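Contents: one structure, followed by commentary.
Note that the chains are named A, B, C, D and E in the order they appear, and that numbering of residues resets to 1 at the start of each chain.
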Amino acid sequence: MDRNQLIKWLKAPAKMGHKYSLHAVYFCTGCGIIEVPPSITARWDAERFGVLPVATPRQANLFLITGYVSVKTLRAIIRTYEQMPEPKYSVGFGSCPINGGMYWDSYNTIKHLDKYIPIDGWIAGCMPRPEAIFVAVTHLWTLIDKDMADGYKRYRDHYQAYRANQEHALGKLEWPPLFSNETKS
Amino acid sequence: MKDPLKDKLTSAFDGIQIQPADRNQISITANKESILSVLSLLKSNGYNHLALISCVDWIEEKRFELVYILSAYMEKDKHFTDMEKTNIILKTSIYREKPQFISAIPIFENAEPYEREIHELYGIHFEGHPRLTPLFLEREYKTPPFRKDFDTRKYVSDVFDPIPFVGKKADKR
Amino acid sequence: MDDAGLFSGGPNPILLVVVPLGFAFALPLIGFVSKKILKYIPVGVFMFNLVVALRLLPLVLKQPILVEIGGFSPPFCINLVAGPVGILFSALIALAGLLVAVYTLVYIKEGPEEKYHILYLLLLTAATGVVLTGDIFNLFVFFEILCISSYTLVAYVGNRAGIESSVKYLIQGAVGSSLLLIGIGLLYGLFGTLNMADLARQIVSVGSSSAFIPMAFMITGLGIEAAIFPLNSWLPDAHSSAPSSVSAILSGIAIEVGLYAVVRILFTLFGLSSFFLFFVFLGVLTLLIGEMCAFSQNNIKRMLAYSSIGQIGLILFAFAIATAYAVTGGLFQMISHTLGKGLLFLAAGYMIVRSGSMEISSLKGMGKRMPLTALAFTIGAFSLVGLPPFIGFPSKFLIIRSALAEEALIFNILIGLILLGTVIEGAYFFRVVQVIYFQKENEHQKRHEAPVAALIPMFLFMIAIVAIGIYPKLVTGILDSAASELLDRVDYIRSVIQ
Amino acid sequence: MSLELLLIIAFGGAIVTYLLGKISCRIREGFAVLISLSLVVMIACLYGENGTESIYFHFLGLPLIMRTNMLSWFFAMAVSALGALSVIFSLNYMKNRERTDFYYLMLLMVNASMLGIIFSGDLISFFIFWEMMSWSTFLLISYNRGPAVAAGLKYIIMSIIGSMAMLVGVLSLYATYETLNMATLAELIGSASSGYLLFLLIIFSIAFAIKNALMPLHTWLPAAYAEAPTPFNGVLSGMLTRMGMYGFLLIMYVIVGATRALNLGSGLFKFHYILAWLGAITIVIPTFIAILQDDAKKLLAWSAVGQGGYMIVGIAVGTNLGLSGGIFHTLNHAIYIVLLFMCVGAIQYRTGGERDLNSLGGFIKKMPFTFIGTLLGISGLVGIPLTNGFVSKWLIYKTLILEGYPFLAFAALIGTWGCILYCYKFIHHIFLGQLPGKYQNVQKAPFSMLLPMIILSFAILFFGILPGIPLKIIDTIGTSFGFKSMNVTIWGIASETGTLNTINIFAAVLIVSIIAWLMLKIGPKAVSVAQEDTYAAGAAIPKDKYHYTVDFYNPLYRMITPYLKDFIDAFYMKFAHWIQSLCNGTRRVYTGYVGNYVMYIVLFLALLIFIRLKWSL
Amino acid sequence: MQMIEMILSPLLALIIGIFFLGLSRKIMARIQWRYGPPITQPVIDVIRLFSQKSVSHGKLFNLGIIFSLAGSLVLVLFLPLAQICPLSGSGGMLVILYMMLLAPLGIALSGGESANPNTSIGISRKFILALGYEVPLLLILLALMTHYKTISIVHIVSIQQNTGWAFVSLPLLLSGIAYVLILPAILGIRPFEVVQASQEISSGPMAEYGGPFLALATIQHALSLFIGIALFVNLFLGGAGNLLIFFLKMLVVFVLVLFVNAALPRLRIEQAVKYLWRWPTLLAFIGMIIVLIVRR
């Protein structure tokens, strides 16, 4: 935790800012949300690391998808991810978003969430404990340091592919594409 | 056992078997033509709460078994003074090829969502049902998912697997 | 008919009465010659009358002109006293008569036209006679002609309502004239003379309280025609069922002449000043009753009839205060009422013809179909309510000023009541104006203006209203001298019996 | 430049416009604008003359006098300027309406009669022009048919009652002093007893309170404002209702004189103290009623009643600060209420007469200039520091606090906070939020409507930042009434008990806003996004159903609605129906049977004789 | 000298405000038995927010937030911070009253532009709450101004310097208590946090604020915390000779208010206004009557 090393702040304030103030939007889909309250209250205080639950995706930079993703919920997840401001990180919580988990053969769940939205980090475990969240957070810090937490860049570069996958899974989407095709930057 | 109700049922309908399932349940099986009249009789005798309609797919015997679960909704009727409430499980079976049945809405309005669900997941068409539109599922399915002959693994492999990965992971694979 | 006594040049006032009377009787003969020109005779006669009256007006201001008929010396002969009041009224009658005559050229088409014109001439000559006469029996004779011709004219339309209301008018009029005759008989019994000036002189000498009973009879008799509160029950039916031109004359002239007679008797003959407080209350009562009844009407002509009662109440109130300013105000209000009410009836007449029914609700959208007539109606309404640029404002202003000058608390309360009456009057007139201009008429008709011959009199009325309203000095000169003549009896007696 | 020429031009112009209208509407509109602008220029160059009297007419033996002084010049400038602006505004608004000649005739007639009122030197011409103003306004209020007719009738009845009261006052003055010239009256009135003065003040203030919509006599205003044609609303709300204010100033300070007027009555029941309390009530209750309104023009109408209360409190307190606060607030209120009505007019013009606040929304995207005008208008109405409303309210509050009327100051301040609620409701429902589908292709307001808005917005800011200019004129008015002058500087009031310096505030706000803008610039440039892309918990935005307007202050409504039913209006209606039934009753006197009629005649005769015997008259 | 003050006082206000925010999160955490973020966490949040690329709903959306921050900053210039009061001579107490409504109006305008019902509901609650606490607040301030017979706040502070705190002076005691009762409403914290209720209406007016906008909003929130407490200290606790005592007084008041914030649940808007219009208004009214009696 290099939070109070001043030189780092001076060199890369944005990166340090993002590391130590991860405002999280919890997308309580499946069974994972049970693990979140204990992590932010007295016993495992997440706020020590600067992680704070916020109400709307506009104010957040960490997107925590906890639990299995049904086809219907995918629509809301995509919408929320697109409404978050640009340097944003998404973390899949539990085994279900990774590869479908125990619902691997269910007709109604999404198996590989990162086919539809970019995921920066995964937390394995069929409902990992709160400590796992903090491990993920520290892991995310290192990713941010090494500029590897570039989910939002991948989303912008390969938006066409993501969009195609989304339309393939969900049929028609009610909102226009986030990046119109000419912004290839 | 509430004999007056049992006798009334057996006398009214032929081809009806009544046997106690376990401590406070009675299971009644009747043929599909007499189901509605049985339901209305039971309703007039205090069983005014249709708890659930569900369906069992006996694929070998090529029949669907519709199960109506009724209970007495806070009814302090003379039938139940001596012991706590008993639930009635009413079963009937219909052919599997072209599953067709009449809707129970005229007797129990709250049957509407149950029948919609059964229609969506088993493909049983209920005449007289106001709107048999999809309730839970996002996508269209050729064979309704809850049927035994629906192979989920094959469905998953030919719907979700062809979707390619994106970015670095795609070229790695 | 020897020449009149001591006046230099100028036509003889007797012409004002004789010429219309002559033509009235000559009409049936002219009728044999050619039916068409009958309509134009009244116009010519009143044109002549107006010219004579206006010529006499300046002469009369200094010295009233006396005319004796029948060769006897003053106390016994039938004489005309053409003072400023008399000539002012005859000019007013001539002007109104002329304009309404022009209006009837196009308004009266069906029915016995010839009889209409005869009665019309008779009515106005009788009115001029009442105004000019100097002795009370002559007053009674002219008064009878006036009443009879107005009974028949009210029934001219010939429908059930017309006949019924004229019969009611006849009965009340008959009762009134019989009371008047009794009063005159008593007076003649007491004082042996019929000449007003002579009577006034004797009453002054013997004290006016003794001659109270005849006065009471005469006032009640004349009061009926003057439409004072308890006596005016005939007015609403008569004015609403009469043809509009007749009701214009009736409420424009006949009532004023009746009120003039009452005032003449009260002031010059008896001069019972302590009795005036009763008439003040009566005036205010008449005003309130008139305005309130008008407020609850939805027939346009009945509403105008009731508003005439209201205006008469106001004029009576002004006369009853009996100060110089008050009487001037009263006379000014008479003129503004004649002009205003005449304009309103003429405008309402053609609106009813075009819209088919007398209901106010049927007048919707008249602003678009008959813009000029609607404008005339609006100006007449605004003038009667007393809004500034029109004649109603200076007259009402004078009356209220004179009433306030009385300093007595009772008068302040009465002023309050009168202003309440004005507010109610404003309410129902503006309601009608709104119906005419701002109510959406159901089906869309094209412009269907009143004929030109009807528009000319309305236009002249409008000019008179606005001119006098903006520049009241035109009439205030004449009004002051008329008021002074009415007020001081001694001067009247001295000038009539040198 | 004599005043008669001015009035002749004003009235003549109105009639000529009507006649020109018959020829072609283009000439008529051009002529109407020319007339109003020339009036503004003529009055402007009247600045210097003070107190020149000239008899222009004799009416029933009374001389009618025209005179100018600082007070009348100030009001005349406001009247003619706002009149010109509303004429320019109505060029476009009235283009395809029927009977526009009548509309222009009446509009110019109202402006002319207001000028007549202001320049009249004696009470008779004051009354004459007052009446002409009333009935021409009546004809204009009931211009668009339907409910406007009832509103017009209610207006004309109440203003007739007012003018009758004034007539009695004028004539009682004439009866006691034989002259109606204001200047001579001012000297003669010194000798009058305080009882008579009280009677005079009450009679005159009834007439002026009706016109200025003081609390108990305000019921005509909301209906009249809501139904009058919107361009006329500017003149009606801006200056016409403030003729009541001019009347109050005239009677309290010019004729009766400040010293006598301010100590009429004893202790707590002084005349000016009760008037101030009436003004305070007029601030609070209508402001809270305005919060409940869902119709744009009704909301502005109730707010105009509320703001009228400030002016009355200002002049009724009786100090030079209060007086100048009241007069300055009259001008300020005229400016921003006219601006707001013009914005409502522009919205109506573009949406085909839509007035209901709940079915509008998101117009900032389509009509940006109207939005800027409304924003400045409501900030003036609320009194935000850089606008003119703030300066006049500051003056009123300061004098209320320092003179020791804390509860009056409390009522006035609560009025401001109520005002914020309905001002925000007004701008939020019309301009912010989702743009409904059917208004997608609404264009900007035409230039002839935008020009007056821009001028008025500039005036709000100009008077807000440099209040010294108008305050200097108002100070001369105050001194002409005999008050001590407050030292006015270009940027506000410099006095030891609390100075106001608007230029410091303006400079501070400017610098700080630039700093805040730079702070915003630090972050990367924000992506502008469509109106559908807002947070809805992941769901797509439903079309046309995503603008929260109905029951905007719902928790507040439940608390204040039971207290705010308009009791006074209900009482007036009951009184009117009682009179109606009374009239129907009296009509029954004429029964229709001739027998009764004859019986009346005989009874009358008997009555006469009875009086003779009883009292031997 | 005046220019340095013009720059110094907003900076001071900013620093103290941000410090108070950090302190409040630390104390709240400590009360809830957890470590809580470092005191400098708000600074970190602001830096992170400034680096994010947010979304904007049009020009008014940007102008509104700038307008509200400017309003708060200018208000600080009018408040005396222990001898530093740059704009003391241009309007006094009345300008402060009116400036207090600039900030909510700015946020309301930009919130309204974002066309989101959550923000509209938040804004309507904000104005109703403002109306709620304004009734007692105005009575208190008027009692104060009538008692000291002046409308300039610097004058009030100097009087209190020599005649003792207003809070303990007898006529103004009730007004002081009333002010304490409505202080949480003015600061917009827990019992009256009905405006930024993050659970019910997804943080009200802030729902659509992204990176830099949210940063400015947090700074503005910090400033309004500072202003609310500084006003109370100046009016009732007699301001301060030097900055340190002023800061200590504010710290004490803030910590007390924080305890109230930590303990009480969030009131519904009707309950909040009913409460505000019942007890504090009664106390303020009686306070005003006492002041009038004392004055005569």
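What we mean here is this: a contact is a pair of C-beta atoms (placed from the backbone, for glycine too) under 8 Å apart; a residue touches a chain by one contact, two chains touch by 3 or more.
This structure is a prediction, so every number in the text was calculated from the model and none was measured.
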Contacts common to chain C and chain D (chain labels): none
Contact distance in steps, from chain A to chain C: 2
Partner chains shared by chain A and chain E (touch criterion as defined above): D
Two chains sharing the most C-beta contacts: D-E
Chain whose Cα centroid lies at the greatest distance from that of chain E: C
Identity of the most central chain, Cα criterion: D
Chain whose Cα centroid lies at the greatest distance from that of chain B: C
Length of the line joining the C-alpha centres of chain B and chain C, rounded to whole Å: 99
Whole-Å gap separating chain B and chain D, where each centre is the average of the chain's CA atoms: 73
Computed distance of Cα centres, chain E from chain C, in Å: 80
Whole-Å gap between the CA centroids of chain B and chain E: 62
Per-residue multi-chain contacts in chain E, two or more chains: 49-55, 202, 207-208, 210-211
Set of chain B residues in contact with two or more other chains: none
Residue numbers of chain A (touch at least two other chains): 56, 58, 83, 86
Which pairs of chains touch, using the document's own definition: A-B, A-D, A-E, C-D, D-E
Complex contacts: residues of chain E adjacent to chain D: 6, 10, 49-58, 60, 62, 65-67, 69-71, 73-74, 77, 87, 89-92, 94-95, 97-99, 101-102, 105, 108-109, 112-118, 120-121, 123-125, 127-128, 130-131, 134-135, 138-139, 142-143, 145-146, 149-152, 202, 207-208, 210-213, 215-216, 219, 268-270, 273-274, 288, 291-292, 295
Sites on chain E touched by chain A in the complex: 25, 29, 32-38, 41, 44-45, 47-55, 198-199, 202-203, 206-211, 214
Interface residues, chain D side, partner chain C - complex: 58-61, 127-129, 131-132, 135, 138-139, 142-143, 145-146, 148-149, 152-153, 156-157, 160-161, 164, 167-168, 171-172, 174-175, 579-580, 582-584, 586-587, 589-590, 592, 594, 596-598, 600-601, 603-605, 608-609, 611-612, 616-617
Contact footprint of chain E on chain D as seen in their complex: 362, 364-365, 371, 375, 382-385, 390, 394, 397-398, 401-402, 404, 406-407, 409-410, 413-414, 416-418, 420-421, 424, 427-428, 431-434, 492, 497-502, 504-505, 508-509, 512-513, 515-517, 519-520, 522-529, 531, 533-537, 546-549, 552-556, 558-559
In the complex, chain C residues that touch chain D: 167-168, 171-172, 175-176, 179, 209, 212-213, 216-217, 219-220, 223-224, 230-231, 233-234, 236-237, 272, 274-275, 278, 288-289, 292-293, 295-297, 382, 385, 387-389, 393-394, 397-398, 400-401, 404-405, 407, 412, 415-416, 419, 422-424, 426-427, 430-431, 434, 437-440, 472-473, 476
